[in-house]
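Each structure below appears as structure tokens.
The two complexes that follow have subunit A in common; it is paired with subunit B in the first and with subunit C in the second.
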Partner chain A sequence: MNDTWNQVLGALPTIFVAITILAQFLAVTIKRDPRVTHAVTVVGLNLSLLSLIGLVAFAPIAVGPLFEVDPYALFFWAVVLIAGLAGSTFARPYLAGFEDRRDEFYILLVTSVLGAMALIASRHFAGLFIGLELLSIPLYGMIAYTFRTRAALEAAFKYLILSGAASAFLLFGMALLYAASGQLTYHSLSVAAAAGLGTSSDAWLLMGVGMMLVALMFKLSLVPFHIWTPDVYEGAPAPVGAFLATVSKTAVFAVLLRFFVVSPVTDNTWLIFLIGVIAVVSMLVGNLLALRQDNVKRILGYSSIAHIGYLMTAIVAGAPLSIEAVAIYLATYVGTSLGAFGVVALVSSPFSGKDAAHIDHFRGLYYKRPVLAVSMALMMLSLAGIPLTMGFIGKFFILSVAMASGLWWLAGAIIIGSGIALFYYLRVMAVLFMDRPASARELVADAPGLRYGQFIIWLLAALTVLIGIYPSPLIWLASAAGIVIPA
Partner chain B sequence: MTGLPISYGIGLAALLFLMGFAGLVIRRNTLFILMCLEIMMNAAGLAFIVAGAQWQAADGNVMFILIITVAAAEAAIGLGLLLQLQKRFRTIDIDAASEMHG
Partner chain C sequence: MLLCWLLFIPFIGGLACWFVSRRNPDSNAARWIALASMALVFLPALSLWFGGDFSLPSHLSASPDWNRELSVPWIQQFGIAFHLGLDGLSLIMVMLASVLGMLAIAASWSSVRSRVGLFHANLLWTLGGVIGIFLAIDLFLYFFFWELMLIPMYFLIALWGHEEYDRGAHMRAAIKFFIYTQTSGLLMLAAILGLVFAYYSETGILTFDYNQLLGAHVSGTFGFVLMLGFFIAFAVKLPSVPFHGWLADTQANSPSSGAADLSGILVKTAAYGLLRFTLPLFPEASAQFAPFAIALGLISIYYGAVMAFAQNDMKRLISYSSISHMGFVMIGLYAGTFLALQGVIVQVVASAISTAALFILAGQLYERMGTRDMRQLGGLFGRLGALPGFALIFVVASLGMPATANFIGEFLILFGAFSVMPWVVVVASGGMILAAVYALYLMHRVYWGTPQGQETIARMRAREYAIMMALVVITLIVGLFPNTVLSVTQGTMNDISHWFAAGVIAASQAS
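Take a look at the complex of A and B:
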């Protein structure tokens, strides 16, 4: 009995999120009002965030055989919840111009957050699969939410097909691992593998891990599997882009790292080398292709490919320090991506058919919306990893992990990639302060909820500088976010 | 469990999976692409059933039920998008409906 309550306690943040979804459904059936649905979303996600603080003292808690609520999970839950809150707040003014039902967007968003939370805490293949699908399936609906624009529809369909294929790869990989070992939790899988399974089973193990990696790398848009990224980022409504770039990437990377740390099945020099090569190619291809883009959302899409490439360095290094480095890098990356996409969303608000994402739309933004323009400039500096912004702290940690493990070629690729990236980030930044052309799209002075969106942007901009100057609190939090390996 | 060795079952599942994947890559009609996705999902389900029978455990069957559920959800959304695609683009050819480049 005591144990049961303990498990309920561990699942409390997810229970709050699930109750939020039910409350949203109820609110929609009583009265359709985006204000109410958004308010329910904000209250529910904040309650869940608060319960995280209470849980710190009790972690780690194993919730059934499927989930492990350890400090690592708590840290990434917080990241995902904050990103979900910001995403829903950007959606309010954006959807004000959308002439159809607007409330369902928040339901989809919170469902997706719940999936991300399940994914982060999963320690069993069933948990991994449910989490990944609960994260992805609402995303199809969110990408296609403004379904009357052809770009959104096309983006959603591309994402659906490729993501479905990736899920099939993931499942087949799991099935092979299960066939070889008879185990479904990451940990017992590694125990069975260590005991020796015979040669044919070893081949199945390697194939299984390989297929699972293909699926997760697809979700992370690493290089051979990156083709969907720019199209989906461009076609998706800007607030969904913010969500996709942060929540989905964070959750998938968190589970990838947990799998690698808990399950030494992945301990294969050949496999690790291959991941290193993929990381380097992602950094170079992502940054080089971003150079010739004129659409800010596409630039952010390509830059996300490069950023995840930098992150993969930590997986190759596999040092105990890598968890801390990944936590810091992902937190800073999520903060800056949210800010950059948030500015795109607010400039495009309210929705009127096509987002103001072309680089010309940002020309001279400084003279119309000085705060948004300065925030955007800060986000670009942070993405480029300029000192005194939080992006620098993340990049510094990844570089130090690469050097501590003697991975000089990866460290070199990070530096070259960052050098290339500087060019297109600074290009976006410079445009903000140029003369505004007479033909520029008129910015709407006020839309419902625009103030809240701007408030989040200010907050993120302030955080970018604050953490850049004084990173100790973030480093302290990240160093506490350890993965618990079940005994 | 007697009779067929496990590699036969896994081999059949792998064959189905490859067929589905090949169809996904080759087909241009979105309806057929969705069908190929179903084949791939169900191939993975079959592999789970075979492995579950081998290990005499219910895990494989449980995973299969999860897979069917998710495959149904994906198909529902996929068909919904397909209808919209036909309405907006007047075609269900994936290449004709692809306008974003670069």
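Take a look at the complex of A and C:
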């Protein structure tokens, strides 16, 4: 009995999120009002966020065979919840111009957050699959939410079809692992692997892991599974872009790292080397392809490929510092991406058919909306990893991990990649301060909820500088976010 | 306390400039605030220079004697502290930065008209970053300022850049500048991390502190690679051939008053970095590397001089001449004797002052003539009041005429290096002849020759006159009484030359 309550306690944040979804349904049946639905979303996610603080003292808690609520999960739950909050707040002014039902967006968003949370805490293949699908399926709907624009519809279909293929890979990989080991939890795989290493089942295990990796890498858009990224980023409405770039990436990367840490099935020199090669290629290809883009959303899409490439360094290193480095890098990257996409969303608000994402739309933004422009400039600097911004702290940690593990070639690739990346980040940044052309799109100042969106941007910008100057609290949180390996 | 004052005044002043001119964009308030904050940095530095004790320490120490020191924990998990320190070397560099800062503000008084507050904010932030570089003795903090300086510098070039020949050139130049320095900076960061982790595996202490890392004995290939990381970062910034590609473009496209050149580029952060970090942290690897560095120095001397001669744009000529000057610095650094290192300091100060003067003159000339193309100028002597006279002074200074600071610098470097490598000195001396050629050629093409008109063009204003007089006085003081600089830096240079000598011995034993 006690144990049951303990498990309920562990699941409390997810229960809050689930209740939020129910409350949203109820709210919609009583009266359709985006204000109310959004308010329910904000309250629900904040309650869940608060319950995380209370849980810190009790972690780790195993919730059933499927989930493990350890400090690692709590850290990334917080990241995901904050990203969900920001995404929903950007959506308010954005959807004000959308001439159709607006409330369902928030329901989809919260459902997706729930999936991300399940994914982060999963320690069993069933949990992994449930989480991944619960994260992805609402996303199709969100990407296609402004379904009258062709680009959004196209993006959603692309994502749907390729995601489906990736899920098939994932399931097949799991099936192979199960066939070879008879186990479905990450941890017990290692026992089977220890027994079966060197025998014929070894190849099956490796193939299974490879298949799963393909699926996860697709979600992370690593080269060569990156083709969909720029189109989907460009086609999706800007708030969805913010969500996709942060929640989805964080959750999938978190589970990938947990899998690698918990399950020594992955201890294979060749596999690790291959991941290293993929990381390097992702850094280079992502940055090079971003050079010639004129659409800020596409630029962010390509740059995300490179950023995940940097992150893979930590997995290749497998060093004690890796988890901390990933936690810090993802947290800073999420904050920065939210800020950048948020500015795009607010500049495009309210929705009127096409986002103001072309680089010319940002020309001279400083003279119209100084706060937004300075925030955008900070976000670009942070993405480029310049000191005084939190992006630098992330890059510093990743570079530290690479150097501490003697991975010179990866460190070199990070340096070259960052050098290339400067070009397009600076281009966006400089445009903000140029003279504003007469033909520029009018900025609407009074979309409902715009104030809240701007508040979030302002908060993210302040956080970018604060963590850039004094990162100790974040480092302290990240160093506490350890993965629990079941005995 | 004083160190914080020196460091934060420019940043606070910059913010003040920005806010003041947002209220009232047309007033001169931002300029006065900027000038005042640089003066507030200069005056305490000056009093330290008069009052500080920079005599040679009686014993050789393993870490430098800091005249002032301040350490506050910052990121404890990594052993990173907000650690500032000031010795004779940093003092001279801070003074140089504040003087050039004041001149930059004065020089752009009338030529910057748009977004005045933001301009001065960026100018002061650049200078704040530069001063931070000179004061930081925690390697993380040092890197922090090294990169911090780039951002306002980028804006100075990108937003107020000069576009004479084609549109958008200054944007490209700004991006080129940023990419060059940032990428090489990351290389340095990787080297710093390598050094820190090497020290960690040696002693079990994770620290970025300069004083402690001086005790890290990284040698062999690993030390050599780390040293290269530092060296390349500094060689890009110096610049030395083959990393000089950004300099001429950047300077030709930076604001025409020369403000950006003065504030960011001319303050020789790279020479300081080589002196402070590369030589002391990796004495053995540096000694092994010395022949290559000296070869690069020689190439820079000749390459810079020949390229300077071939330019039509006055600012490009001056920037190539500074590449040539930096070749001497490189030779002095890697000769490593006490005299040569002292010469390096004088050369850095002298080159900064004379080049700054030539840039400001080019800016003033541009304001009057509307061009910097030397093919369209000529015969200006006698038509511009005192301006050509000042130009003559700094042209001969830049070719190393006795009584100017440049002479002392070059003389000490060559004299100090002669005992170690006489042939290099012989070859390098030839470069001074080429310096005379390009410098006099500049004089000839711009100021002599047949006049293109008779009427007098606007004479120098009092402000411009004052700037030039200040520069002349500094050049003459350092040129005639070099001990004003040398006595302040002797302690630091003595340490570095001894560490380097130990490195030379270790390297010869290793091979």
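The working rule: the second predicted complex is superposed on the first by the 485 of 487 C-alpha atoms of A that agree within 3 Å, B and C clash if a C-alpha of one lies under 4 Å from a C-alpha of the other, contacts with A are read in each partner's own complex, and residues count from 1 in each chain.
The definition used in the following text is that a contact is a pair of C-beta atoms (placed from the backbone, for glycine too) under 8 Å apart; a residue touches a chain by one contact, two chains touch by 3 or more.
What you are looking at is a predicted structure, and each value in this text was computed from that prediction instead of being measured.
Student: State whether subunit B and subunit C clash or fit side by side on subunit A once the two structures are superposed.
Tutor: Here subunit B and subunit C can both sit on subunit A without a clash.
Student: From the CA centre of subunit A, what is the angle out to the CA centres of subunit B and subunit C, nearest 10°?
Tutor: Result: 140 degrees, to the nearest ten.
Student: Answer with first, second, both or neither: which of subunit B and subunit C does A:427 touch in the superposed model?
Tutor: second
Student: Which partner chains sit in contact with A:36 here, subunit B, subunit C, both or neither? Use first/second/both/neither.
Tutor: neither
Student: After superposing on the shared chain, does subunit C or subunit B touch more subunit A residues?
Tutor: Touching more residues of subunit A than the other partner does is B.
Student: Quick one: classify A:129 as touching subunit B (first), subunit C (second), both or neither.
Tutor: After superposition on chain A, A:129 lies in contact with subunit B alone.
Student: For A:164, is the partner it touches subunit B (first), subunit C (second), both, or none of the two (neither)?
Tutor: In the superposed model, A:164 contacts subunit B only, not subunit C.
Student: Of the two partner chains, subunit B (first) and subunit C (second), which one does A:400 touch, if any: first, second, both, or neither?
Tutor: After superposition on chain A, A:400 lies in contact with subunit C alone.
Student: Now for A:137: first (subunit B), second (subunit C), both, or neither, which partner does it touch?
Tutor: A:137: touches subunit B, not subunit C.
Student: Which value in Å is the smallest Cα separation between subunit B and subunit C when the structures are fitted on chain A?
Tutor: 23
Student: What residues of subunit A sit close enough to touch subunit B in their complex?
Tutor: For subunit A paired with subunit B, touching residues are 125-126, 129-130, 133, 137, 140-141, 144, 147-148, 150-151, 153-158, 160-161, 164-165, 167-168, 171-172, 174-176, 178-179, 182, 184, 200, 204, 230-231, 234-235, 292-293, 295, 298.
Student: For the complex, give me every residue of subunit A touching subunit C.
Tutor: Residues in contact with subunit C: 381, 384, 386-388, 392, 396, 399-400, 403-404, 411-412, 414-416, 418-419, 422-423, 426-427, 430, 433-434, 470-472, 475-476, 479.
Student: Can you check the complex and tell me which residues of subunit C touch subunit A?
Tutor: Touching subunit A from subunit C are residues 74-78, 143-144, 147-148, 150-151, 154-155, 158-159, 171, 174-175, 178-179, 182-183, 186-187, 189-190, 193-194, 197.
Student: Can you check the complex and tell me which residues of subunit B touch subunit A?
Tutor: 6-7, 10, 13-14, 17, 20-21, 24, 30, 33-34, 37, 40-41, 43-45, 47-48, 50-52, 54-55, 57, 59-60, 62-63, 66-67, 70, 73-74, 77-78, 81-82, 84-85, 88-89, 94, 97-100, 102
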